[in-house]
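Below is one structure, written out as C-alpha cells; comments come after it.
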Amino acid sequence: MTLLPLYYGLLALLVIGVAWWTLVARETMAAVIGFIAYGMLLGLVWAGIASVDVALTEAAIGGGVTGVLLLRAAARLRPTEPAPHEKPGLVFRVLVGIFCAIVTIGLAVVVLFPTDPAPSLAIAAAEHLPALELGNPVTAVLIAYRALDTMLEKVVLLLALIGVWSLGPDRNWGGLPGRAPAVVTDSALTFLAKLLPPIGIVFGVYLLWTSADNPGGAFQGGTVLAAMWILAMMAGLRAPPAIGSRALRLLLLSGTITFIVVGFAGFLIAGGFLSYPAAFPKALILLIEIPMTLTIAVTLGLLVSGPAERDKTS
Amino acid sequence: MTVFLTLAGIIILATVAAGLWRILRGPEDAERMMAAQLLGSGGVAVLLLSAVISGIPAIIDIALSIALLAAFASAAFVLEAFGTRGDEPADRP
Amino acid sequence: MNAATLFGLCGAVLVGLGLYGIIVHHEPIRKILAFNLLGGGVFVLFGIIARRGAAAGFGGDPVPQALVITGIVVAFSASAVAVTLVMRLFEVNEAARREARSGHSAEDAG
Amino acid sequence: MTGETTAALLATTSGGYLLVLAIMLPLIGTIAIVLLGGQRAERVALVVAPLGLVIAAAILASVWSSGQPLVYIVGGWRPPLGLALRSDGISAVMIAITAIVMCATVLFARGQFRGPAPGVEGRAQMVFWSLLLAVWGALNAVFLGDDLFNLYVALELLTFGAVPLVCLDGRAETLSAALRYLLFALMGSVLYLLGVALIYGAYGTLDIVLLAGVVRSEPVIWVAVALMTVGLIAKTALFPLHLWLPNAHAGAPAAASAILSALVVKGSFFLILRLWFDVMPGQIHLPAQILGFLGAGAILLGSVLALRQARLKLLIAYSTIAQIGYLFLLFPLAVGSGIASPFASIAWTAGLLQLASHAFAKAAMFMAAGMIYEALGHDRIDRLGGAGRVVPIAVFAFAIGGLSLMGLPPSGGFSAKWMLLQASVGEGQWWWIIVITLGGLLAAGYIFRVISPTLIQPFPAPELKAVVPVSRQGVALALALFAVLLGFVPLEPWPLLQIGRTAVEAHLP
Amino acid sequence: MTLLLDAFTIVAVSAGTFFFVAGTVGLLRFPDTLSRLHALTKADNLGVGLIVLGLLPQATSLGMGIRLIGVWLLVQLAGATVSQLLARAAARRNGART
C-alpha cells in the first residue's frame, strides 16, 4: 500500500508532462497526438480516484472522439500551416504566465486546505437508490435527481449539431456530411475497420446494460457506439446518412423526445415533471436510456462528420 | 501481493512515461501516433493491475475501452493523415 | 499526501497550463486544444471533490461525478462546433485565395 | 436560517409548473422544427411565440399578485440533491421582457428565411428558426435556474444557440466573428464551471437559496465567485472582454442581432447579479466598485468607438457595449451605504429599468438598421440620405430607440439614467455622475450622426433595392414605443423587484 | 493452493513487466522508426498477455476472468493490425519525401 502514492505521483507528473507537450509542440498534429495521450492518461487518473463512470467517459470522449475530431482538423489544416509560429511578445507571455500561475496557486491553496469534513451528497443519493431500483448512484443522479440537467444537455448536443450543420454550403443542405471517405486500399486497415465495430457495439451495449448497477451508461455506451460508427464511415464501409433524411432526424431526436414525453407523463402518473412512479421506475429509466444511447451515438457521430458537403446523389 | 502488483504498475507506468517521451519527439507523426498504441497496451496493463489492487473489477471496463479507442484513434489517424480520398488527387502535399 | 490532494494539485496545474495556452496561442485550433486541456483540469478538480466526499459505501460522491460526465459531453460539443468553424473559415479563405490567384471564380466558394 | 424556513422556500408552489413550461415549450419548438423540417419552421414559431407570451404573462401575474416567488421542484427531488426552478420578481420581469422581444422578432423575421423551393428545407431557414426558439428556452432556463450547475448547462444552451446565428451568411468575416465569440464564450464557461466545482467542494450544494444560508466569507468562495464573474463578464462582453461583440452582433442577420444584443448578453449579466447579490455574503464593496469602474470604462470606450464607426450596424453594436456598461453601475450604487437593502435601493430598480429599456430599444434599432440595409442595399452612415423617405417608420423607430439610449425624456432610458444619477448623489459617489452624463452626450452624438443624414433627400434619390413592408417596420416601432412607455413608470424603487429576495437577504450581516 | 496461485501471479506479472521494460529499452535505443515500432509491439503483446495470465488466478468472478481475457484478445488483435498500419504509414511518408 505504501507504494501507491508513488504510482499516483508518477501518473500526475506524466499527465502534466503530456499536457505541457500538447501546449508547446510546434506542429498542430504533434500537439493533437499529445492530446490523445492526455485523454487516455486522464482515464487512468479517474480510475485512480475510483470514478469508473467518469473514467469510461473521459477515455471514450477525451482520448477517442475528441482526439479524432482534432486529428482530422490538423490533417486538413496542415498544408497551409505557417512554418514559424507567430508568437506574442515576451512581456505579454510573462504577464499571462504570472496570471496563470496565480490561478494555479489559488486553486492549489483550495486543494491543500479543503473544507473538513468534506461535504457530500453520497448518503442522500444512496437513500433513494432502492426506490429507483438502481444500484449505480451516478446513473441515479443523471437520470433521476438531476434529470433536467441531462435532458437540457441532450438539447445542447442537438444545438451543437445544428451549429455544425449550419456551417455547410447552402447548395449541399440536406446532403451527406463531410467529404467523400477515404479509398481504402490497405487490407490491414479494412480488416481493422471491419473487426473493431462488432466488438465495440457489443461493448457499448454492455456498458448501457450494466449501468443500472455498475459503472457505465448511456453516455459511455453511446460514445463507444459513435466511435465505431465514425470508424466505419471513415473507412468507407458505411455511407453517412443524408442530414435532411426524416428517418435520421427521428433517430437523432428519439432519446430527447422520449425523455421529454416521460417527463411530461410524470405530471399524470407521478405527480410532477420528470417524476417517476414508485411502481415501475426502472422500466421507465430503461425506456429513456435506450433511445438516449442511440441519440448520443448518432449525435456524436454526426458532430464529428461535419456539415453536409456532398449531395445525396454523390 | 498488493505491494508487488503496485510495484509492477509503477514500473510499467515508468516505462510508458519513458516511451512517450521518446515517441512524441518524433520526427514522424506516424511514430508519434505510437503513443496511442503504447498507452493502449501500457495503460491497459496498469489498469488491469489496479483493478486487482483496488478490488474494483469495473476498472477492467476502462481498460477495454482504452484498448478499443486507442485502436480507433490509430485507424482514424492513418485514414485522415494518409488516406487518399475519392474526391481529390492522391498526391496532395 | 493522499491521492485526492495529489491529483487536485495536478488539476490545478492543468488549469494553469490550459489557461495559458488559450490566451497565448494564436491559431484557433491550438486554442481549442488548450481549452480541452483546461477542461480536463477542471474535471479532475471535480473528481477530487467527489473522492473526498466518498461515503455510503461509494468510492466517491456521485453528484460531482455525474456533473463531470455532463460537462465532458458539453465540452466535446463545444470542440466540435469550434473545430468545424475553424475548418469552414479555412476553406472559405482558401477558396477566396484560389479565386484571387486564378482570376476565374472558384467553384467551392459556398 | 433554520432548516424549516429553507424547506418552506424550496417547495413547489401552485403555478410552479409554469416554470417548466416556460423552459420546455420553446425547446420543444426547436425539436419540432428539426423533426418536421425547416419548411414548417415559421409555422411552429408562430404557434410557440403567443403561447410563450401567455406563459410569461402568467408567471409575471402570479409573482406580482401573490408577492411570493414561484418555485418548482423538478421530479420531486429536493435540493441539494435535486433541482429547483424559481422565479422571483426580477426573474419574472426578465421572462416577460424576453417573451416580448422574442414575439416581436418572430413577427419581424416572418418570410425572411426561405427554402430553395416551396416545401423544401433551406439551411438558414432551419437554423435560424430552430436556434431562435432555443435561445428563448435557454434564456428562460437562465432566469429560472436555481442551481449553479443547471445554470451552466443553460448558459451553454445559450451559447450554442447564439453562435451559429452570427455566421448564418457563411462569409469569412462573420465566420471569424463567430469563432471569436465562441472562444470567448467557451473560456467564460470553463471559468464558471471551475467556480462551480469549488463551491460544491466547500458547501456540498449548488442551490442558490441553500447556498445563501451557508456561505461564509472565506477564501474559497471569493476565488470561486471571482473566477465565475470573469467568465460571465467574457460572455456579457463587459469592457475589457468586449472585443468579440461588435463584429459578432453586426454580422448577424438583423433579426438575430436584435436578440443577441437585446437579450443574450443579459443572460450572463443576470447571473452576475445573482452571484453577487444572492450567493455572496455581504461586504462586496470593493468588487462592486471594480465592476462599476469596468462599466464606466465600457460606457466611455463603447460610446467613443460608436461615434467613429462608418457602418450603421457596427455603430449599434458598439453602443451595446456602452449600454452594458450602465448595467454594471448598479453594483456600486446598489451596494452602497444603502439604508435598507440593495434590492430596495433606487439603483437596483434603475439597473433593471436600464436593462429592459435597452432590450426594447436595441432590438428595435437593429431591426430598423436591417430594414434600412434592405432598402438601400448598404448601411454606410455617410450615404444614408433618403432613408427617411423609403423606410420612414423604420427610421422613426430607430430615432425613438435612440432617444432612450441618449436618456432623453420620456423614455425608459431617461428614467433609468435619472435614477442612477439620483443614486449617485444619494450615495455620495459623484464620479458616476460624470460618466453617466458624458455617456448620454456621446450617445446623442452618435444617434444624431445617423438621424440627420436620413432626413436629407439627396439628389439623385437613392435606388430602392427592396420594398420593406410596413408591417415589419411597425414591429420595430412597437418595440421602440415599449422603451418609451417604460419612461412613465414611477421614479422610485419597485416592490416587484424585491419579491423573493427578502428571505435571502436575512443572511446579510 | 492460494500460495501456489500467488506464486504463479508473481512469476507471470514479473515476466510481463520485464517485457514492457525490454520493449521500452528497445524503443529508446533503436535508431529508426520501424525498428522502434517493432520493439514496441512485440514487447506489448507479450507484456499484456503475461500480465493477463498472471492476474487470472486473482479474478474474483467468472465475469472478471472473461473480461480479462477479452482485454487481452482485443489488445492482440488491435495491436498487431495497428502497428502494421503505422509502419506502412511511416514507410509511405518516408518514401514520399525521398
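Lettered A, B, C, D and E in written order, each chain numbered from 1.
As a convention for this text, contacts are C-beta pairs under 8 Å (C-beta built on N, C-alpha and C of every residue); 3 or more make two chains touch, one makes a residue touch a chain.
Which chain is which protein? Per UniProt: A = Multisubunit Na+/H+ antiporter MnhB subunit; B = Multicomponent Na+:H+ antiporter subunit F; C = Multicomponent Na+:H+ antiporter subunit C; E = Multicomponent Na+:H+ antiporter subunit G.
Quantities reported herein were computed from a predicted structural model and do not represent experimental measurements.
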Neighbours of subunit E that also touch subunit B are A
Between A-D and A-C, more C-beta pairs in contact link A-C
Between subunit C and subunit E, the Cα-mean centres are separated in Å by 31
Distance between the CA centroids of subunit A and subunit C (whole Å) is 11
So, in whole Å, the Cα centroid of subunit B is separated from that of subunit D by 47
Dist(centroid_CA(subunit A), centroid_CA(subunit B)) in Å evaluates to 18
Among all residues of subunit C, those touching at least two other chains are 15, 18, 32, 45, 49, 52-53, 59, 63, 67, 70, 74, 77-78, 81, 85-86, 88, 110
Residues of subunit B that touch two or more other chains sit at 16, 29, 33, 40, 56, 61, 64, 68, 70-71, 75, 77-78, 81
By the touch definition above, subunit E meets two or more other chains at residues 74, 78, 81-82, 85
Touching pairs of chains in this structure are A-B, A-C, A-D, A-E, B-E, C-D
Counting only contacts in the complex, subunit C reaches subunit D at residues 15, 18, 22, 28, 31-32, 35, 38-39, 42, 45-46, 49, 52-53, 63-64, 67, 70-71, 74, 77-78, 81-82, 85-86, 88-89, 92-93, 96, 110
Given the complex, residues on subunit A that touch subunit C span 4-5, 8-9, 12, 15-16, 19-20, 22-23, 28, 31-32, 35, 38-39, 42, 45-46, 48-54, 57-58, 61-62, 65-66, 69-70, 72-74, 76-77, 80, 85-88, 92-93, 96-97, 99-101, 103-105, 107-108, 111-112, 114, 118-123, 125-126, 137-138, 140-142, 145-146, 149-150, 153, 156-157, 159-160, 163-164, 167-171, 217, 219, 296, 300, 303-304, 306-307
Note: in the complex, subunit D contacts subunit C through residues 81, 149, 152-153, 156, 159-160, 163-164, 167, 170-172, 175-176, 178-179, 182-183, 186-187, 189-190, 193-194, 196-198, 200-201, 204
Subunit A partner, complex, touching residues on subunit D are 12, 17, 20, 24, 27-28, 30-31, 34-35, 37, 72-77, 80-83, 116, 121-124, 126-127, 130-131, 134, 137, 141, 149-150, 153-154, 156-157, 160-161, 163-164, 167-168, 170, 175, 194, 198, 200-205, 219-220, 223, 227
Listed in rising order, subunit C residues that touch subunit A in their complex are 1-21, 23-24, 26-27, 29-30, 32-34, 36-37, 40, 43-45, 47-63, 65-70, 72-81, 83-88, 90, 94, 108, 110
